[in-house]
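For reference, chains read A, B, C, D and E in written order, and residue numbers begin at 1 within each chain.
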Amino acid sequence: MSTKEPEAMTLETFTQGLWKDNPVFVMLLGLCPTLAVTNSAMNALAMGLATTFVLIASGFLVSLLRNVIPKQVRIASYIIIIATFVTMADYGIKAISLDLYKALGAFIQLIVVNCIILGRAEAYASKQTPVKSMINGAGMGFGFTLALLSLGVVREILGSGTLFGIQIMPDRFQTWSVFVLPPGGFFVLAGWLMLFTWLRERKSKQEAL
Amino acid sequence: MSAGTSSSKLVITLGGIAVFSGVLLALTYEITKPMIAKNESEALEAAVFEVLPGAVARENFRLDDTGLRKVEEGSTEEPNLYAGINEAGERVGFALPGEARGYADVVRVLYGYNPENKQVVGLQVLSSNETPGLGDRIEKDPAFQENFTALDASLAHEIETVKNGEKTEPWQIDGISGATVSSKAIGKALRLSTNEWVPKLNAALEAGE
Amino acid sequence: MSEAVQLKTSPHLRGMHSVDKIMRHVVYALLPVSLFSVMQFGLSALALIVTSVLVCVGTEHFFCKRSGTESTVSDWSAVITGLLVALILPPGFPLWMAAVAAFVSIAVGKVFFGGLGYNVFNPALVGRAFAQAAFTVPITTWTPGMAHRRFLEFIPTTLTPPFLKPDFDAFQIWVESLKIDGYSGATPLAMMKFDHIEVDTLELFLGTLASSAGESSALLILLGGLYLAFRKMLNWKIPVAVLGSAFILSGIFYLQNPEVGLPIYPSPFFTVTSGGLMLGAVFMATDMVSSPVTPVGVWIYGILIGSLTVMIRLFGGLNEGVMYAILLGNAATPLINNLTQPRIYGATRKRKEKAA
Amino acid sequence: MDPNSPTFIFLNAFLINNFVLAMFLGLCPFLGVSGKIKTAGNMGLAVTFVMLVSSICAFGLNILLTRYDLEFLRLISYIAVIASAVQLVEMAVKRFSPALFRALGIFLPLITTNCAILGLALFQTAREYTFVQSLAFALGAGAGFTLALLLMAGLREKLDLADVPSVARGAALSLMIAGLLSLAFMGFAGLGG
Amino acid sequence: MSHKLLDIQHFLRGTFNQGIHPPENKHFTAGKPIERLAFPPQLILPLSQHAGKPSVALVRKGQEVARGEPIARADGFVSVPLHAPASGVVKDICLMPSARGPMVESIVLDVYAGDPQEVLYGTDVDVDAIPASDLMQAVQDTGLVGLGGAAFPTHVKLSVPEGCVIDTVLINGCECEPFLTTDHRLMIEQAADLVAGTRILMKAVGAQRAIIGTEDNKLDAVEAIQAVLKPDDVVSVKAVQTKYPQGAEKMLAKALVNREIPSGNFPSAVGLGVFNVATATQIGQLLPKKQGVIERVVTVTGPGIGRPGNYIVPIGTPIRFILDALGFEGSARHLIMGGPMMGGTVSSLDTPITKGCGGLLILNEHQLTTEEQMKRYPCINCGACVDACPMMLNPCEMGRMAHKAQYETMAERYHLNDCFECGSCSYVCPAAIPLVQYFRVAKSVNRTKAAAS
């Protein structure tokens, strides 16, 4: 998917990142934030949206400047652009809610080194039109958010008995704190990956029949 | 730099992007600065009000070897303690910070100290990373918080944490069973902080500010 | 005379041991410890052991059937895992949580890596470590041993319905109704760590105090270990290294104790007889699948576990560190193996000659 | 132990709140370069090295940024300066110690901008560490990363020879080992408290 | 460090590191004096009974041969001649089944029934008069190969490689394989020939001393040999600890003179020449008469045979003949040629006894079934094999690699090629993993690959 020439805009432009090339589940990129901030669904959502913002904005700008930026300083320019938007997101979240900012910690700023973003800039935005880059970036971003949420929701419900901070399990429910602790992050992601592998295997087995 | 693209073009492009992002960031910074400041001050205020029952306003102070000074809003001096003012305009006490090693990481607290009766009158955990369900009860457990409504800080005896159910003296903290380490950390944070600050504060107050 | 041609290659003799025989004998060696825990904690301990063993064996059987292979439960190793999981849990641990621990130990600790022989961590400890991180409060709630009604009723927490929290109020009332003098709900290790009270080592050795179900009697554990060592079914170097290093290291700290006042550091005898160290050293550090094979590596592994245990106990946030020490030892095992490949016959001389 | 002493900061980043296993920093190289013990060792060295360099850079840079009230440029300047500093050091190493360069060489470009490196710089700034504290932090983080990487590589080499079920193969296996390692590292909690 | 200590400890007890103690089972035949079996009606003489190039037949179909007459000549240096084990007529020269399966070129000899079968061939010579430089040729003419099992032409071992000086000859009388007692009986009954042969070997390689090494379960052999030694003799006899595979030359060198033969080298690299007891005895017997090897002592033993014992049989005797004579009801399935640890099963009962074969072991049905019922498990990492391997290899890790067909890594990182297939690791493995088989496959795959590239 990386070296495509400009192509027609299809639904695929958007959905690619949602499922087929999901950055977390399929491409295994950006694992650090995926595991670090998903001990609650809210953190996962905020992180996902912040990343989506950076993806869209940097995709747009990189695409816009794609014919201006010389090849030699390409990566350096992308990094400056990305870092700019990340810093904006950082300040934005701080301005919206200090609690959220504290929970996400340095991981908002670490979006800058998230390889999904530089990867998109390099592989997609630098070759496609601004609108398509934004749409594709949004797809990737939502795919990332989706992955974060699927971890965050499981971890929060099992680990704290709540969802988005609202208690949803009965009072006497025994919470499984391991899921909000660091090992739980690894376990839940491994669990999801195994589930997908299992589904894929089952499907190919059925097709083979 | 290679031939092909002249190096002046490289520098100009890169410089242009840098300038652009600098401007964008400066703008973001200026816009969010007041919002962030407001958030921070609200958070601080909420904490101060929480640890000093009855307080509705706050005054900033700096206590060092030269004595106790009031720090006005907007001054360049960093305040290191805060006074709470009640509706009647009287000072109900000071909010001081403390920290000690907990189970997982450093536990940071803010506590209210009333110089009149030499008591700790409230405590809030500012940051901790204790185990959910076990150590994090230091933040939420009402029975544990009860310890800090009138904890003797006259320094006739050092503040200490005792086993759950074994509190007999006013300077003792009744620990949480199963979270001995975390409850001891709170005791230690208070002990260290009061030992350091209370004599200085009392001296400054007696000298009359 | 039949002329069936069947070429077999040497060797045509086999030693006496087979995997299932070794495993069966380990089960025998664990039986006295298990019986003692039932005697000490009554019905609850029995239910704990039965639950854990059944879930372990059932899980292994289930996954074998799922993957369409022959069931491997007849090799007895799942029974050992089940017994050990039960023996390192608090006796009043809710049965449903014990079932979770047992399931995790086999499913995550063993089947996930490919089953018998391939697990890199000790399965029983994987189960217990998971339970420790998941159910932090119930797993640190201890019950006094030798309660007089232990064979008539369950400890109230034992029968907690699945997915619910145990009822600690009922538990508290039950404990008080036992009217045991000076019982504080703390294990000897916690008393040592937080209050610097050292209980009598002889009691620990014989096993009459609060603890995990099967950790109490160092004596019975040692006897079981000696039996296995003399049948050559257990590598005696590992327990010797673990206990020896823990003894020496804690002995060094013991000598640093102040002359007056409460001791800061426990005596080496207390160290080796208290908590799970004896059970861990004899039955769990010795799980061959997750321990090194090289002659020197085995000593390094044992010493690593012994010293980590002492460091965690004396300077860590936990009063018991055996489980984590063994898991860390397991994690280091491939590296230890790698660094301690024995010098093969005829090797160095060759190198020396080349250098010369 | 005093939580602000360099020794404790080192211990904390090394074992208690291990950079990879508890803080989730540097997972990409952790999962990507942990297949073989030997490579893992070299990678660990390289990361420790780059961490030291970036810690020093970030410390100096932060003083400048604070003095001129340019905190909003922190991220950009950290990235730029760390990347260039590593490049310079790389050239210096190549010139003065070809052997060291061979060991670290191929890893250096890979790690200049990963989150363990940048995270280190950001955390040390956020926690307002002094210079010595920063160095201890960088050393501890590097040692912790190396230890985790070595353990992981050993386990993965061992599991190469195992009959791992097909659903568990690949990334899930690595993640599960990482999870169990993380579980085991919980034993270090409270160390030195 | 710890290995240094181990070394010292084991040297004092006279043995090597590690190894195993399988049940000896020598009681079947240890007390039985060597007997001669009747001649069979037909002998089958493969042209390749030794390591190296096959011999070249000197006789034609239908030709009459006398007992002891050369019937095939050596084809080059690493090859030996073959002598007629009995008087008779060459029935055919054709492909015949061999013990390991494939058909090999063999001389089939119909033995004259009723012939006195005296050895008329050969001339008495004064061995002491033969110069050392001619001894090698004299030995080659006897057709002698290592009787310790490897069947490597003995004279080749007498040519000391450039740059090596051999100071000591070791005579290997360990016979560490369970069941076998050939060497044991030879040492007791033919001690004089053994010592004479030893002296010839010393002279041939220029050694100043010789040690006859045996295990401490054969002290009667030590006494018998001591009886024929002079006081202050340069030949001595020493009993080392009974342990398998004490008889492997590397282990013996360690146990007797504490020298380690470097990986990939011959004993000559550390100044040693190692020969089997039977080999030395044959030299002592054949050289003074300038005769060739025509018969050997074979231990026929095991729970499946009626009259176990140590028998002199002509080379080429079909196994079926021996078994019928001694009372056997079973199949090739029950039969092992050699000892239980290193010997192999045979493809057919019609294969002959060759020069290198010192034992026939006949198991019974019960033993076979218990053996076969031993269940295979995955390796449980118990380390028993690591503790058993006399070469200090890591069979556990190699077994796991073989399971994944990582043969090259086994050779590169785990010294696969130092494994001499003694079987100690397989013996102790509780998971019944066929480790030695794995290693054989691995070595042959690596060899094929190396040859291809």
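Everything below uses one rule, namely that contacts are C-beta pairs under 8 Å (C-beta built on N, C-alpha and C of every residue); 3 or more make two chains touch, one makes a residue touch a chain.
Everything numeric here is computed off the predicted structure, so don't read it as measured data.
If you take subunit B and subunit C together, the chains in touch with both are A, D. On a Cα centroid basis, the chain most remote from subunit E in this structure is B.
Remark: among chain pairs A-B and A-D, A-D carries the greater number of C-beta contacts. Distance between chain centres (mean CA atoms), subunit C to subunit E: 49 Å. Put simply, the C-alpha centre of subunit C and that of subunit D have 33 angstrom between them. Between the Cα centres of subunit B and subunit E there is a gap of 85 Å. Listed for subunit B are residues 21, 25, 28-29, 103-104, 131, 133-134, 181, each touching two or more other chains. The residues of subunit A that reach two or more other chains are 76, 80, 83-84, 87, 91, 177-178, 181, 183-184, listed in rising order. Contact with two or more other chains is made by residues 114-115, 117-118, 130, 133, 136, 317 of subunit C. Touching pairs of chains, sorted by label, consist of A-B, A-C, A-D, B-C, B-D, C-D, C-E, D-E. For subunit B in complex with subunit D, the residues that touch the partner chain are 21-22, 25-26, 28-29, 99-106, 129, 181, 185.
For subunit A in complex with subunit C, the touching residues are 172-174, 176-179, 181, 183-184.
Per the touch definition, subunit C reaches subunit A in the complex via residues 97, 130, 133-136, 138, 163-166.
Those residues of subunit C lying in contact with subunit D across their complex are 67, 108, 111-115, 117-118, 120-121, 126, 129-130, 133, 308, 311-312, 315-318, 321, 323-325, 327-328, 330-335, 338.
On the side of subunit D, the complex with subunit A involves touching residues 21-28, 31, 72, 74-76, 79-80, 113-115, 118-119, 122-123, 126, 166-173, 175-176, 178-180, 182-183, 186.
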